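Next come two complexes built around chain A: one with chain B, the other with chain C.
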Partner chain A sequence: MQTAIQLIVTSLQIGAVYILFSLGLTLIFGVMRIVNFAHGHLFTISALMVAYSVPWLAGNGFPVLLAYLTGAAIGIAVALVIGFLIYVFGFRYFQRDMVGSFILSIGLVLLLDGVLLKLFGGAVRPVPEVLSGTVNILGATVTTQRLALCFAAVVITGMLYLALTRTRLGKALRAVSIDHEAAMLQGVPYNRMAMIGFMIAAGLAAVAGALIAPVSIVSPAIGADYLIKGFIAVIVGGLGSVPGAILGGLFVAAIETFGGFYFDPTAATIAIFVLVIVVLLVRPKGLLDNG
Partner chain B sequence: MTFSGKLKTLALGVAVGVLGAASTAGAADIIKLGLSVPLSGSGAIWGKGSVFMCERAAKEVNEAGGVTVDGTAYTFQCIGYDNKYTAAEGTRVAQTLLNREGVKFIGGSLGTAPAQALQSLTERQGVLMFTTAWGASIKGPKFPLTFTQMNTPFEILPLLIPYVKQAHPEAKTLVMLNPNDASGQDTEAVANKVWKDTGIEILSSDFYERGTTEFQPIAARILSLNPDIVDLGAMPPADAGAVFRELASLGWDGIKVVEVGTGVDGLKATGGDAVEGVYMGAAVSFEGGEVSDHQHEVNEEARAAIGESLNTIQIGFYDAVYALKAAMEAAGSIEPREVAKALPDVTFRTFYGDEIGFYGMDNYGSRQQMKLPVIVTQVKDGKLVEAARVTPTGN
Partner chain C sequence: MDDKLGLPYWAIGTALALGSTLLIGDPYIVSVVNLISIAALTAVSLRFVMLIGELNFATAAFVGIGAYTAGAAVTILDWPFLVAILLAGVVAAAVSALFGFVTLKTKGPYFLLISFAFTEAVRIVYSKSMFLGGNSGMVGIFPPLALDPWMPTFIMAVSAALIFALYAAERSDFGKILIAIRDNENVARTVGLNILLIKVACFALASFAAGIAGSLHAFANSVISPGDFSYLLAAFALAYVKVGGEDSILGPIIGAVLLVSLGSYALGLGGQEHIFYGAAIVLVVLLMPHGLVGLVRRGRDKLAQRRA
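Then we have the complex of A and B:
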């Protein structure tokens, strides 16, 4: 029983970050009908900024928690600025253009890969422990840092869900996602909605990067693993569907955790890809259909 | 065409010819050393350090007068391409180095899969290749042009594993975890046998995919087996650190080994205090009075350039340059086959400070392995400390 609880708690912790990451992917697809492979790089930029700024701030007299919060704010701000530039000078011209946006995002991936490697080097950056200690939940052990990460992810996901369902902006975003021409006929400014949707997605990636930095391996390559898992999550849940992204993220995390525990990590990775194949065969639009 | 037009064309042709001849004459005195290394992705730090070390050794050799063969002084030039640690990119790099750059000597290749892709061309096209790849199948009499520039599990593990067992005689059980690629599988095969020969029971031996960033499920599995020893084989230091951190958070505190662990920086970056006590077999300590000024100086330059201390992989790229210089001068030729024939019999000054040669008759049936010292290191008080060093004997 204790093992099962430990595995469930682990799944929820891992799933929390996958959800934040895949929510951004699904939002961009829903609003702009494009697939953004450079999404992982915004996540990476934020994590790298945290990894660079926190040790520097802590070394200059900042308490670690304050240094982390400042570093996270810097990381999110930098990622948002880069996300804005990517949108204004790139994706703005390729809205609802799958092929064009695909080529653009692959080009951006190569460009950002090179720039990040040049600027930050290939070495893994240490981030000091922000919250020390562990917490016992029904016999399962969780580090305080992971628990805080999980809590933050749940709060952000809840806020996003409420914003999308209860506010005028959220309703406009959903309207554009369902039928952008009909939405425009109703007076919804599509271009503005597209930019807002893209920037919210960029913000989600940046927040996820800042949250994961203290508990993961921060290097310019960190985004690649999350990008693959994030895509799998949105394909399983349904491209463009917010509840689908949440379900998909939890699904991927659960398979990774239970498969890795009862078989081995490689078997778990294979199982995730088998899952995608099965879902695409049985429900081509994902478990909860496209948003 | 008018007479003046013909004259201009002729003048242009002569100019191009002269320039071409001049550039060919200049190029003839340069020996290109091709490098197939990861320069992007999680292995980029190893690749960048390898290029740095090749260039550093080439600079030293060139400034000391270069390689003198038959009265001509040649200089070395290192040319590195990104193999992304994959066979597919390794194949592309191999074709670029051999067919476009016209390289006749590979100063180093990193990663078993890309090295095998490169070897399939080098042996056929008569190109001499150095590699850090450690599978026994990559060298031997069938591959006379291939040489290994760092210690492999065949050299490291027979010393490291008994050392760990002797230091912890109470240890009885073990869990192994390796990357799911040629490097990991080669390491696991050797380690599995040596651990069993030492009397340790192997509870589980798993593989994981490189690039993984979440190690909690793996840690939970290891904890459920409750081993005395966790051996992370050929795992990159940063990944190994993350596993040890997750294990520590779950309450496990046993004997930690990263058999071909190459350094403490990446390990500490992700593992923090949880990496205390880790044993490694492919790392170099730059702490203590026995480190020479030259080693210190090069390491500091490397730290400034790549952000981490040097490791044995990168040092192999430095040593290959000196080995090639010695063999070319001994052979009196820069033809790769002649140099390869001379290489097993020459000695050269290694970065570690000793004058060494090649061996490997027992393991590989030919002398294609650099006779490098095997160094066992351990993390103590957050620093990498040399625990034992053995210079191998044998032929």
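Then we have the complex of A and C:
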């Protein structure tokens, strides 16, 4: 029983990051109808900035928590700037062009991969512990850091959900993702919505990167693994669907944790793949497809 | 569009290319030429599935399956060289037919992502299969000793033959159906075509070529490892297709020749291969969406207009 609770808690932790990731992917797909493989690199850039700035700030007399918050702000800011540049000089010209935008994003992936490797080297960077201690939940132990991560992810997901369902901007974004031409006829500025959607997604990836940095080992390759899982989560849930992204993220995390514990990580990865195939066989557009 | 296949041009081009392989002796240039032949075949295979409007990242997986089939046939089963190459194509085509039958019901982003995930899943399978050498891969995949000096010629001849076969398929009625599916699947369905079956046939044909490309890769390098067949292989093939231009079959060939030779030159300078390929793709997509072939065509049309 205790093992089961521990596993559930672990899958919720992993799932929290997958959710932030897949929410961004699904938002970009919904608004612009493009698949962005470079999404993972915004996550990586943010995590790398945190991993480099926090030890430096802490070494210069900052308290660890303040150093972390400053580092996270720097990381998110840098990732947002790069996301903005990618949008303005690249994806803006490829709205609703699946193949073109995908090819562009693969080019960006290779380019950013090379640049990040050159700038930061392949070595992993540890981040000092920000919050110490562990918490006991129903007999399962969790480090405070991971609990804070989950909490932050839940708050962000909740805020995004409220923003999408309750505010004017959210309604406009949803209208664009359902039918962009009808939305434009109603006076919704499509180009601005596309940019806002892209930047919110970039922000989600950046926040996820800053959150994962202290509880993980950061290297320039960290984004790729999360990206693949994030994509699988959105395929399972249905591209363009927010509840689908949340469900898919939890689903992938649960299989990964339980499969990894009872069998081995390889079996878990293959099981995820088989399940995706099964889902696609039954529902070729994902479980909660709305488009 | 004329229905002639332009056979004389193909014959002359292939003969010239094959002839030039007989002249090279430097082992480094031999390896680059082999890479070019295999890259061109892989890129043409990727482009063939693009005819039905799908981007097939599983190309990398089928190249890998071909390479591992050939490797296992030669080193474990001791089967003859040519049988191993043929088997590589057949196994890749068979796996792709099964995979395609399930996944080609999906379209666009779903197919793209699932083929991407398949590539990574297959790679994990090799690295965990101990009889396939696990993470370190397989070694000692040699062609027959008598053939060794002729390898570049042999590899190029096989690649050229398969590229021509795919070109002939594209120009046939079958190819026209593929384009019809890309343009509007539902219209094609209304005239009584079994869309899924045609898609699977197209996919299996392309994967046969990819499997053969993999076996050639295995024999050219004599060492293969799971790391050789990540999604990056398909990303590079996509770079060849895009830089050359996807509208013509010459595009992927030109792209492969250009990027592989420039890439190995850049590697010699200590430059970063990834930055080079990435920058090439980004610039081409942004500046010349129809690639080099498109650029040449436009230039030719402009010249023709000025003369008229």
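Quick note on the criterion: the second predicted complex is superposed on the first by the 289 of 291 C-alpha atoms of A that agree within 3 Å, B and C clash if a C-alpha of one lies under 4 Å from a C-alpha of the other, contacts with A are read in each partner's own complex, and residues count from 1 in each chain.
Here is the rule we go by: a contact is a pair of C-beta atoms (placed from the backbone, for glycine too) under 8 Å apart; a residue touches a chain by one contact, two chains touch by 3 or more.
Just so it is clear, the structure is predicted and the values come from calculations on it, not from any experiment.
Engineer: Report clash or fit for the pair chain B and chain C bound to chain A in the combined superposed model.
Structural biologist: Chain B and chain C clash in the superposed model.
Engineer: Could you tell me if A:P243 is touching chain B, chain C, both of them or neither one (first, second, both, neither)?
Structural biologist: After superposing on A, A:P243 lies clear of both chain B and chain C.
Engineer: Just checking: does A:V276 make contact with chain B only, chain C only, both, or neither of them? Give me first, second, both or neither.
Structural biologist: second
Engineer: What is the contact status of A:T266 with respect to chain B (first) and chain C (second): first, second, both, or neither?
Structural biologist: Both: A:T266 reaches chain B and chain C.
Engineer: Per the contact definition in the header, classify A:P55: touching chain B only (first), chain C only (second), both, or neither.
Structural biologist: A:P55 sits against neither chain B nor chain C.
Engineer: Determine, under the contact definition given at the top, whether A:T3 touches first (chain B), second (chain C), both, or neither.
Structural biologist: Touch partner of A:T3: chain B, not chain C.
Engineer: Please indicate which partner A:V99 is in contact with in the superposed arrangement: first for chain B, second for chain C, both, or neither.
Structural biologist: Once the two structures are laid over each other on A, A:V99 reaches chain C alone.
Engineer: A:L117 in the overlay: touching chain B, chain C, both, or neither? Say first, second, both or neither.
Structural biologist: After superposing on A, A:L117 lies in contact with both chain B and chain C.
Engineer: Taking the superposition as given, does A:G170 touch the first partner, chain B, the second, chain C, both, or neither?
Structural biologist: neither
Engineer: Can you check which stretch of chain B gets into chain C in the overlay, out of 99-107, 297-305 or 333-341?
Structural biologist: With chain A aligned, chain B clashes with chain C through residues 99-107.
Engineer: Which chain A residues contact chain B in one complex and chain C in the other?
Structural biologist: Correct list for chain A: 113-114, 117, 266, 269.
Engineer: Flag every residue of chain B that touches chain A in the complex, lowest number first.
Structural biologist: 39-45, 47-48, 177, 180, 204, 206-209, 211-214, 216-218, 220-221, 224, 237-239, 242, 249-251, 265-266, 268-270, 272, 306-308
Engineer: Using the touch definition from the top, list the residues of chain A that touch chain C in their complex.
Structural biologist: Per the stated touch rule, the residues are 29, 35, 89-90, 93, 98-100, 102-104, 106-115, 117-118, 228, 231-232, 234-235, 239, 266, 269-270, 273, 276-277, 280-281, 284-286.
Engineer: Give every residue of chain A touching chain B within the complex, in rising order.
Structural biologist: Touch residues, chain A against chain B: 3, 6-7, 10, 13-14, 113-114, 117, 121-126, 129, 134, 141, 143, 216-222, 224-226, 256-261, 264-266, 268-269.
Engineer: Can you list the residues on chain C that touch chain A in the complex?
Structural biologist: Residues 50, 53, 55, 102-103, 105-110, 112-114, 116-118, 120-121, 124-125, 128, 232, 235, 238-239, 242, 272-282, 285-286, 289 of chain C touch chain A in their complex.
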